[in-house]
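Look at the two complexes coming up: chain A is in both, with chain B in one and chain C in the other.
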Partner chain A sequence: MNWDWTAVSDFMPHFWDGLLVTLQILVLGSVISFVLGLVWALLTRVPSRWVTWPVGVVTEFVRNTPLLVQLFFLFYVLPEWGVTASAMTTGVIGIGLHYSTYTMQVYRAGIEAVPTGQWEAATALNLPLRRTWTAVILPQAVRRVVPALGNYVISMLKDTPMLMAITVLEMLGEARLFSQETFRFTEPLTVIGVAFIVISYLASLALRALERRLAH
Partner chain B sequence: MTPGLWELVLKGVWVTVQLLVCSALLATAVAFAAGVARTHRLWIVRFLAGLYTEVFRGTSALVMIFWVFFVLPPAFGWQLVPLWAGTLALGLTYGAYGAEIVRGGLLAVDPAQQEGGIALSFTPWQRLRLILLPQAVPEMIPPFCNLLIELLKGTALVSIMGMGDLAFSGNLVRLALQESAEIYTYVLLIYFVIAFLLTRMMRGLEKKLKAGVGKGPVTKTARPEPAGIEAGAR
Partner chain C sequence: MPTDTLPQPGKTPGKPAGELIRLERVTKRFGTNTVLDHLDFSVDAGKHVTLIGPSGSGKTTILRLLMTLLKPDEGTITVDGQQLFPASDKQVREIRKKIGMVFQQFNLFPNMTVLRNITEAPVTVLGMSRDEAGERARDLLDLVGLADKRDARPTQLSGGQQQRVAIARALAMRPQVLLLDEVTSALDPELVAGVLDVLRDIARSTDITMLCVTHEMGFARDISDQVLMFDSGRVIEAGSPEKIFNEPEQARTREFLSAVL
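The block that comes next holds the complex of A and B.
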């Protein structure tokens, strides 16, 4: 094995660029998945089969098929339908949509874990449906599910390299570009591999701290 | 879609299935080895197994695949056949997730069972094989089923390395037809069908294993319900 530190230092500027893009994807994707997941979870509680059934089928389908192929679908098919978006936007929407089908399950579990007494109290106080959700159920449900949502943010981080396949230059994309220009594969790939381990480890420590704070 | 292109897609399905089976076997073996090692008496064994799971869970599957394809060959002087390289990367990554499932399953077995084994002077290996695993494995099946679906989705990643799996053949068909909506819809549907079949299979396995330790719903010899209850209870 030949390790060349100069290749590492040459790669570092590209690495920081890639890291920035990866974190952007992560933040935007998380926001989309949190919001959309809540929408799916609420739609599955609408008392009409005409709503719950299609939502169930669509989310099940998205959850059980590869994100990579979904990204290809969005990247190549949307322009055919006349919708043009940058690779970055497409990727963020794709990853957010994919993970929203996971966060939906988390929200659902959180909503179901709210004690029935809370529903009954809201009914007894004659709260309108909207107030029941926004002031009683959701604040309790969301607080409960924050740690589980955090876990999905960490797994989303590990799926961001897939956006490389639709030409987004995140960490892996930068590493591949650098390798193709300089024929050094070992250093950039190892650097980003270690970076992923470090970031996800730090994130899991932060998450554990958050979990402890929320427990009190 | 011409018959020739369908043939291409079918070849892709075959490669995906091969890769899925091989890496699932490797992942299961690694998961059990590492998961059991994490409950070992010696701290060094626990530490090494923990290090493996943290490292492989911490990194991304796609980065791992790149590493196995591009860094291993020059570093160690051997080049793997793409199928084995994909198997190695996916098996080790998902095996690390599986190790956590195995560890959780073993810890969830009632401690009295373990103590009973000690009181009967079973060796640690006998306790594991005869007492812990038969009770823990059925409980591990639902999380393993989810992991298997994740693994199926992970197999699509090897297409980036030019391995001719289902996602790759989808890309080839797109290039041939200059039209994407149809072929990608088919590819997604095929993945969905495979995932559905896997879920069914795992559910059957869970039922069988649970019946083996007397936990599952006894289907054939169930006592007859009084008439009328079934309809009311939904």
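The block that comes next holds the complex of A and C.
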């Protein structure tokens, strides 16, 4: 095995394209998973089985089936029903949806960890339910779960190459394409491997800084 | 202290200073454990009533029923002529406006500053402007001796300071009734006096009705118009503090007092 720096420099333009796509998937997927996970978590607390039961079934199903199968389903089956979207959009929604079923559990634990005394104080002050959630419970719950949410962002980063399977050219997709054209595997795969480590590391640094800030 | 800072329910024109709270045959069970057993009692407006008795005798449950944190299994509760159970959400919210509560564990909102803890409910519930609520909050912080702590977070305060903020927060809603649920039990001994002094001050200088569950017998003797001795979900003896503390009639009361005094 020999290392060829020319292959590295030939790959770099493709790498930057792939990096941008990977980061887009990560950011948009995270936003979707954070928002949707919170929606799921709140819906499971609605005092009606007509809401909690379907939400429970859907989220259990999504959490317990492979992301890759879900991506294929969204990309190849939904168009048969007339629902079409670009590979990128489908992938971002797919990964965001998949991870929302995990962040949902994180939020739920965070909400349950807020002491009952906080609910009681809100009741004693006659705060409306909505205000109790937005001003008292959620700020405390979210603060508690930031580390756990951050860990899922890093997990999600490592799942972004799955989107290659539905033709999204993120880092691995670019590397694979490059390899097919040049028959060089070592350099592109090494470059993206290093990139994954660097992104993970930077993300965990950002996360720790955020935790410190929230720890008032 | 500005006179309008504190609630002055007796000043409502034309309202007789009569009965404010009435419990009739109130029963509350937790599982098979009957905590309150067909309890009857009433509190007149402006009075300070202290509930004493052994742990588990139902004192705190009464406060929690009045604050609508619990529902009775049987019986009726009336506050200022309005029945609490059964009642619509709207009625319950109306009644809650008349009642404030201070908890054993303070229950301040840790995500808000001290000032915001006090202004949050007046602004969102009473529709007060932020400026007005802030002004009143500052007066109340003066009253509880924490004027310099308004921008602090609850976690930066001692237990005694937190509890004084909680008292200010309850008073900011101008309740007619203040429920005090073992407000010094969670405090280090040297912090108890500061909190009790604030409450003595409020008891003296306002005509707010107070219902107080406490193990501080000296405090109970000082502020109470009436003392109720509880045992096993019933009031077994009631009377002025002089009577209860100096010449209790019931053997159970004597036994309890000799154990705590």
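Here are some notes:
Convention: the second predicted complex is superposed on the first by the 216 of 216 C-alpha atoms of A that agree within 3 Å, B and C clash if a C-alpha of one lies under 4 Å from a C-alpha of the other, contacts with A are read in each partner's own complex, and residues count from 1 in each chain.
By definition in this document, contacts are C-beta pairs under 8 Å (C-beta built on N, C-alpha and C of every residue); 3 or more make two chains touch, one makes a residue touch a chain.
Computed from a predicted structure; not experimentally measured.
Of the two partner chains placed by superposition, only chain B is touched by A:L67; chain C is not. Of the two partner chains, chain C is the only one that A:R131 touches; chain B does not reach it. In the superposed model, A:S86 lies in contact with neither chain B nor chain C. More residues of chain A lie in touch with B than with the remaining chain of the pair chain B and chain C. By the document's definition of touching, of the two partners only chain C reaches A:Q118; chain B does not. Of the two partner chains placed by the overlay, only chain C lies in contact with A:P139; chain B stays clear of it.
Contact residues on chain A toward chain C in their complex (touch as defined above): 115, 117-118, 120-121, 123-128, 131, 135-136, 139-140, 143, 216. Interface of chain A with chain B (complex): residues 1-2, 61, 64-70, 72-73, 76-77, 80-81, 157-162, 164-165, 172, 175-176, 179, 185-186, 189-190, 192-193, 196-198, 200-201. In the complex of the two chains, the chain C residues touching chain A come out as 67-69, 93, 96-97, 99-101, 103, 105, 107-112, 120-121, 124-125, 153, 155, 169-170, 173. By the touch criterion stated above, chain B contacts chain A in their complex at residues 54-55, 57-64, 66-67, 70-71, 74-76, 149, 152-157, 159-160, 167, 170-171, 174, 179-181, 184-185, 187-188, 191-192, 195-196.
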